[in-house]
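Just below is one structure, and these are the notes that go with it.
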Amino acid sequence: MELNNSKIKIKAKNLNVFYGKKQALFDINLDINQKEVTALIGPSGCGKSTFIRCINRMNDVIDICKVEGSVEIDGAEINEKNVDVVTLREKVGMVFQKPNPFPKSIYDNIAYGPIIHGAAENKDQMDNIVETSLKKAALWDEVKDRLNEPGTSLSGGQQQRLCIARALSVNPEVILMDEPCSALDPIATAKIEELIDDLKKSYTIVIVTHSMAQAVRVSQKTGFFHLGKIIEVDSTEKIFKNPANKMTQDYITGRFG
Amino acid sequence: MSGTGHTVKSYEEEMQSLNDNLVMMGSLTESQMADAMAAVIKVDKDSVDKIVKNDGKINELRSVIDNQITTVLVKRAPMAVDLRITISTMKISHDLERIGDLAKSVAKKVKPLPVDLPDELIGSLRRLGDLVQKQLKDALDAYLNKSKDKAIEIWKKDEQVDDLTNLAMNEVATYLQKDKKNLEMATHLLFVTKNIERAGDHITNIAESLYYLIEGEYLEGARPKGKPIES
Amino acid sequence: MTKEQRLKKRYRAEKRFKMYGLISVSLAVIFVLILVQNIFSKGSSAFSRTMIEVEVNYDSSLLELDSPINQNSLKDADFYDLAVESLLKIYPAKDSKEERQILRLFSPDYEFEIKDFLIKNPNKIDQVVPVKITASDDIDQLNKGNFPRDLPEDRRRVSNYQLNIYDNLVEKEKINKKFNNYLFTKGDSRDPELAGIGGSLMGSFFTIIICLILSFPIAIMASIYLEEFAPKNKITDFIEININNLAAVPSIVYGLLGLGILLSVMEFPRSTPLVAGITLSLMTLPRIIIPCRASLKAVPPSIREAALSVGASKFQTVFHHVVPLAMPGTLSGTIIGLAQALGETAPLILIGMVAFVVDIPSSPVDPSASLPVQVYLWSEQAERGFVEKTSATIMMLLGFLIVMNFIAVYLRQKFEKKWN
């Protein structure tokens, strides 16, 4: 697999993150390619979630969190003071570990993003956004007859796809997924993976996962994090067949600790 | 391969048992090959039955290994080095089984051979046999030591095997030309030679598998080939 | 000890524990039942009023009416002579002492009751009409069976003469009971049969409204700010500790604060619901802020993350998602805080709501009583009529508290959204 063909969408340079006095990320340098799935693996607390939260600046919410270094999206620095996080998060959507639909109707769940960004001028446009988002998330057929039911009434897998649809509703370019399948059964997981396969045609996806098998299945590039450092980044095939670093090898073959 | 063992002990044990079985299979194959060669050289018709019987053990071990590998694949979904060990072990065990089969075929050809086999006929054959046995032994040592250099060496030496095969075949052909009555015996000897050469090919396969196991890459370049048989 | 013995011992211990629990719960239930029974048995009679039917002759000549006769002239007229004449007719009196005794059978308001009847029915003028007049407290209690008749005459409040009249009236079926609307419509009075909780009800109502208007928005804003926006540092920690401490400050301290600042320094009108409301809102604030913050905290962070991740600002996240989700808990916390304020007595006594106020307040700046203070005031009175009124007031107060708590529970269950 050639890595150099694809255009770099996100570029992290010398990224350091601190929670209070504790340093969570050390000098992270990572390139994420456009329209490709990049998987981040590593033991719990290794900083992979912290890293993807740097990409949409979700760490801003945490008072004690301090981010140093640079993250560029399409060559533009996002860690500048004058970068508006609202606009950034419109561009960089996020899906979380536990499905977290708003306790509102399915329709309102999708419509919320477009409403606050003023994306729709009238009801028809909004209906259209809701429909396309749900279709992109492969959920439309299952929920089209019950858009007014609460999003929380759906099954876990459907809720997660609803959350993906919600992320898609504001037309992002990048989707960050923080262990999106860890709360789901294998069938629901398979559906999400199928969806990821489909979405990578139009979106840049970064996925954090604890399932090595999932990383192999969905991603083209894999990065291994350990103790806040990035140990190895390479094509997924290389990482899982013949990693260069012994630590990576030990981790993925279950020889850790 | 790795300094630390698997976190899951039973996984470690499964991999160890797989390794043990392959080593045992290797030594069985090695002695089968030696016995078969000795039987040919000495035209020892009595040992044939024993060799044929012993081949059953190799086949049994192969199916044991096959089973173990399926279990490991299902249970552990091995990754990286474990994946390569599993895949290579499967391939190596298949090659060993084929070598065992070839040794059996070689032994079977002893029965129809005349007791007084002329020395001029088996000179090259003996050398070929010795070389293949040494190759097999080296391959098994290389496996035990996970030696990449040894694997490459074995792989390169296959050229010699091919050359010796050609030599041995030429000898038989020359003998055949002397007297058409030698046809039956010569045919048998040709089969023996060819079988030993194919055992050598399987040993090369083993070396390739070994190289992949160690390096995670395939041995590059075309296989070394001896000169074709001159007709 | 064998395994079996240990097992048996464990089972015995479990049984014992269950029994203790059962006993304590039963004790609690018994005490509550005794309390309720006591209040109800004393208070239920306050909801009825004894009336004496009297033939009233609305003789216009006695009224010295200006002509023409209309509502206004009737209102200005003096009904005293007419009333006395009619009342004295119910039983023959030997002398003026007996006449006084006859008049004392009725509540002192008989003149106005006779007048009101005519104002309502102006066509009855110059006719003899049966009118029901409220009996005095003594007759009321006699009729309700709370009066010991077998005591010697000099030790009871009702003379033998009056008893004879009462028995005579009972025989003629002139004595009857009706629902006591005075209890709700009248203010306080020195005469138990005329005293009502109308004034204190309105007083409490105004107080709670003032308290709600002041404390609810402040508490909500404070808790939203502290929970969602305030930086976590020593100052906010200090504020948080103080809020928790303030919630535990005895209510009488707030009364002193109201007395010292609102009445003395700012010279707000004494005994008014306005001052009471402000004082109680000071007391209620921390008690509302704590449940408000708890319910804000209970909104899972995942909801905030969800909103933030689609590009909502901090403000939008809080006001579109967190606050609506916390509303049920916030509201029920507020209602429970207000219910506490409703039952608060000590601070109100300090700010002078303990005054005897007859008029029903029409605005928060009129002097007024409040329900708990009314209970306090009446419980100190000697008349049997006030005893039943005290219990009736307690019943009303408890009723309000139960209703408010029920609303709080209902709000929480109805609107609590489920998230997983």
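Note that the chains are named A, B and C in the order they appear, and that numbering of residues resets to 1 at the start of each chain.
To be clear about the criterion, contacts are C-beta pairs under 8 Å (C-beta built on N, C-alpha and C of every residue); 3 or more make two chains touch, one makes a residue touch a chain.
Just so you know, these numbers come straight off a predicted model, no measurement behind them.
Trainee: State which chain is most central when centres are taken as means of Cα atoms.
Mentor: A
Trainee: Greatest Cα-centroid separation from subunit A: which chain?
Mentor: C
Trainee: Centre to centre, by mean C-alpha position, how many angstrom separate subunit A and subunit B?
Mentor: Distance between chain centres: 51 Å.
Trainee: What whole-Å value do you get for the distance between subunit A and subunit C if each is reduced to the mean of its CA atoms?
Mentor: From the centre of subunit A to the centre of subunit C is 59 Å.
Trainee: On a C-alpha centroid basis, what's the spacing between subunit B and subunit C, in Å?
Mentor: Whole-Å distance between the two chain centres: 103.
Trainee: Which of the residues in subunit B come into contact with subunit A in the complex?
Mentor: Listed in rising order, the residues are 2, 4-8, 11, 76-84, 215-217.
Trainee: Which of the residues in subunit A end up touching subunit C in this complex?
Mentor: 56, 58, 61, 63, 86-87, 89-90, 93-96, 98-103, 112-113, 116-117, 152, 163, 166-167, 169-170
Trainee: Where on subunit A does subunit B make contact in their complex?
Mentor: Listed in rising order, the residues of subunit A that touch subunit B are 212-213, 216, 239-243, 246, 248-250, 252-257.
Trainee: Mind pulling up the subunit C residues that touch subunit A in the complex?
Mentor: 231-232, 300, 302-314, 316, 320-321, 325, 417-420
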